[in-house]
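Below, each structure is written out as structure tokens.
The two complexes that follow have chain A in common; it is paired with chain B in the first and with chain C in the second.
This part shows the complex of A and B:
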């Protein structure tokens, strides 16, 4: 029993690291733009399919595939930003959301047109057996995911708190109007934040796909929903919150799957989120949220 | 001709879905829960006609009631939060409903055949229309009676004091509250009416397709529900109808000759429409 609990915790933390990365990208976009980007996951899927296409046609090493995934996601992110968010600055939140939803469908359609088979194999990050610590096992790709999540957090923290660009981002997050008066070029900040968030999403997408060893068009919806859930659980607009939310979601899923079965796993996560939101727990209601 | 009747049926169902989001949007709230109410209505009507042998009309009444009851029950806790928090809370609820039906088994033997919802496989054989010998034309007329009734109801709301109250809350909550409007009551009532309309739409949808499953009620459907009134504008109910005709009639059916590339253009045209008219085709001065 205890052994199972510990193993589940390890598994939960492994998948939680991926959720944390997804949530970091989401939080960045939300914190700065105050907009829900529904096509975030679809852009990640597009990046992963770019890498899959390259792999099938030319064959490429793991690092190159990761680079292509990130590049593809940033490219898709730029497309989304130009079409959905640039025209609606200061305008309605919901017009941007509906537009980003339309692009989500576009990405899914493009991917299924170019690569019509539903499921493609993706070169795995690590082929060998999982590491064993006594009775417990830990997958090597989960360790890589952890490492990547920690590295991404550190990089992001450094960018936000140790550079001029980070200062501008934080100023815009706090007070867009005041930041603009202080001479910060708002569109410039928005575009770069979008690119940064897309790059983090690309890394997350690559790691998820490479550890699953396969890719389907469902990846888009999956990453949008998991990223949103993790971001909300940790509290909107907070970077440490995104990481904690991601890990918490991973743990919750692993344990509820063990106790209640795989069918109820997702249901529990949504129920918990709904209850927490409606109960207005304090950490979820930062000033930027409403 | 059957093709056009069938298209008109589809447009009718989607108009009801859009209208259910329209009245909630009037109060300034963005809800992704409409697909959940739609699902509740679909399963309720389907189970009543197939398993209990009800006529469709009372079954649709039950759909409306169950949709409204669920919407009211969800509205109280959910509408305490606003903006993106509400979007996510209602999304969580909608996905929760979908996953509930993904796990929902209730099969009964009717005339020796086991019928009813069966988890991931969905609910097959909702054959009220063919069993009673209704042609596509009659089904279309039947559906449009409900669509027109819903449009008339909302049109009347818009003309009445209630409509002004809804729009006042949507325009400026603080100002509305300061003149003595009970925000919770207004928002929850709008959500309840929306739930009833979505419930009827779901009941009609179940009988139109004869087969429903959890994936017919996912986040895409929920987003379509709010996309219609946003595309059409919130000035009046005809905006929503126009947007449904634009999307289902023109973008989905009209562009079919373009084959596989249709959906790429589909997305681009919605983005274009949003960028050219951020407050909708028939949009007024206000933005959601």
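This part shows the complex of A and C:
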């Protein structure tokens, strides 16, 4: 029993680290642009399909595939930014959100047009046996996922708190008007934040697909849902909250799957979100005031 | 030649014109005050000069260059800084980071560090609270920080939108003392104020804005002599 609990915790943390990355990308865009980007997951899926296509046609090493995933996601993100967000600056929140939903459909159609099979294999991060520590096992790819996610978080942290660009991002997040009065070029910050968030999403997407060893067009929906859920659990717009929310979601899923079975796993996460929203827990409403 | 020249500026929110053709000039090296009732367009005018709002018509020139319609960061680069109404400090950033954000466009790290020291000398309270989040400061301290942040861009013209708003009388006196000091150091100042008594002590020229139009322009003496203005802005007419 205890061994199972510990095993579930380890599994939950490793998938939770990927959720945390997805939530960080969402949070960056939401915090800085005050807009929800619904095509975030679809852009990640596009990036992952770029890598899958390259792998099928030319074969490529793991690092190259990861780089292609990130590059493809950033490219798709740039397309979304130009089409949905740049024209609506200072304008309607809904217009940008609905437009980004339309691009989600575009990405799905494009991907199924070029690669019509529902499921493609994706090269696994590691194919050997899991590491055994007494009664516990730890999948090497899960460990890599956790490590890479933590490294990405640390890199993001350094960027936000130790660089001039990071100072601008935080200033724009807190007080957009005051940031522009301080001489910060807002559109310049928006475009770069979008690229950064897309790159983080690309890393998360690659890690998830490589650890599953397969890819389907559902990845877009999956990434958007997990990212949104983790972001909301941690409190809208809070970067540390996104990490906590992601890890919490991973743990919750791993444990509820073990106790209640896979059918109820997702239900539990939504139920928790519903309860927390209904109870108006304080950390979820930090942004609503400003 | 005037430092700031505003000509027939119209700024609108949708169909509602908040500024209906405002013209005024600010002389270099002066302290100029804009008085007016709530909703007259004072904040709109400040935001238009700073580039947050785009004028629908009219021209704004600063030091001979047209700045109307330019982006705020571009206007900051030309030497105009606005201390916005309600201060708008970055609450979850430290006092030091707030100051660094104010110097965002400057690449000269050494000179920025020197300016930060200068700000700390002028506002000792900010030095004590350097590592504290700006959101934890008192209203007066936040106002000092907002002024210091604006000065970090080394402006030639400092715009201030109601610097005394919501502050205790002692703090208000300190703010006006600082305005006078900054002026002595060579910064031109154009500020919005409801507290006409305090403004009379420092400003050299007054404009009155009512319903989106300038209705008075003159010296403090002329302002104090105007019976109607006195009754409306200086309270008791018997003084």
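Note that in this section the second predicted complex is superposed on the first by the 287 of 290 C-alpha atoms of A that agree within 3 Å, B and C clash if a C-alpha of one lies under 4 Å from a C-alpha of the other, contacts with A are read in each partner's own complex, and residues count from 1 in each chain.
To be clear about the criterion, a contact is a pair of C-beta atoms (placed from the backbone, for glycine too) under 8 Å apart; a residue touches a chain by one contact, two chains touch by 3 or more.
Note that the structure is a prediction, hence the values are computed from the model and not measured.
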**Message:** Let's test your reading of the overlay: on chain A, do chain B and chain C clash or fit side by side?
**Reply:** fit
**Message:** If we overlay the two complexes on their shared chain A, which of chain B and chain C does A:167 touch? Say first, second, both or neither.
**Reply:** second
**Prompt:** Touching A:192 in the superposition: chain B (first), chain C (second), both, neither?
**Reply:** neither
**Request:** Once the structures are superposed on A, label A:212 by its partner contacts, choosing first (chain B), second (chain C), both or neither.
**Result:** neither
**Prompt:** In the superposed arrangement, does A:178 touch chain B (first), chain C (second), both or neither?
**Reply:** second
**Request:** Give me the angle at the C-alpha centre of chain A between the C-alpha centres of chain B and chain C, rounded to the nearest 10 degrees.
**Result:** 90
**Message:** If we overlay the two complexes on their shared chain A, which of chain B and chain C does A:278 touch? Say first, second, both or neither.
**Reply:** first
**Nearest Cα pair across chain B and chain C, whole Å** = 9
**Request:** Identify the overlap between the chain B-contacting and the chain C-contacting residues of chain A.
**Result:** none
**Request:** Spell out the part of chain A that touches chain C in their complex, as residue ranges.
**Result:** 164, 167-168, 170-171, 174-175, 177-186
**Asked** Contact residues on chain A for chain B in the complex?
**Response** 30, 34, 36, 38, 83-84, 87-88, 91-99, 101-106, 109-110, 113, 221, 225, 228-229, 232, 236, 263-264, 266-267, 270-271, 273-275, 277-280, 284-285, 289-290
**Prompt:** In the complex formed with chain A, which residues of chain B make contact?
**Reply:** 30, 77-78, 80-85, 87-89, 91-93, 95-96, 99-100, 102-103, 218-220, 223, 226-227, 230-231, 260-261, 263-264, 266-268, 270-271, 274-275, 278-279, 287-288
**Item:** chain C to chain A touching residues, read off their complex
**Value:** 50-52, 71-73, 76-77, 81-82, 84, 88-93, 97, 100-102, 104-105, 149-150, 153
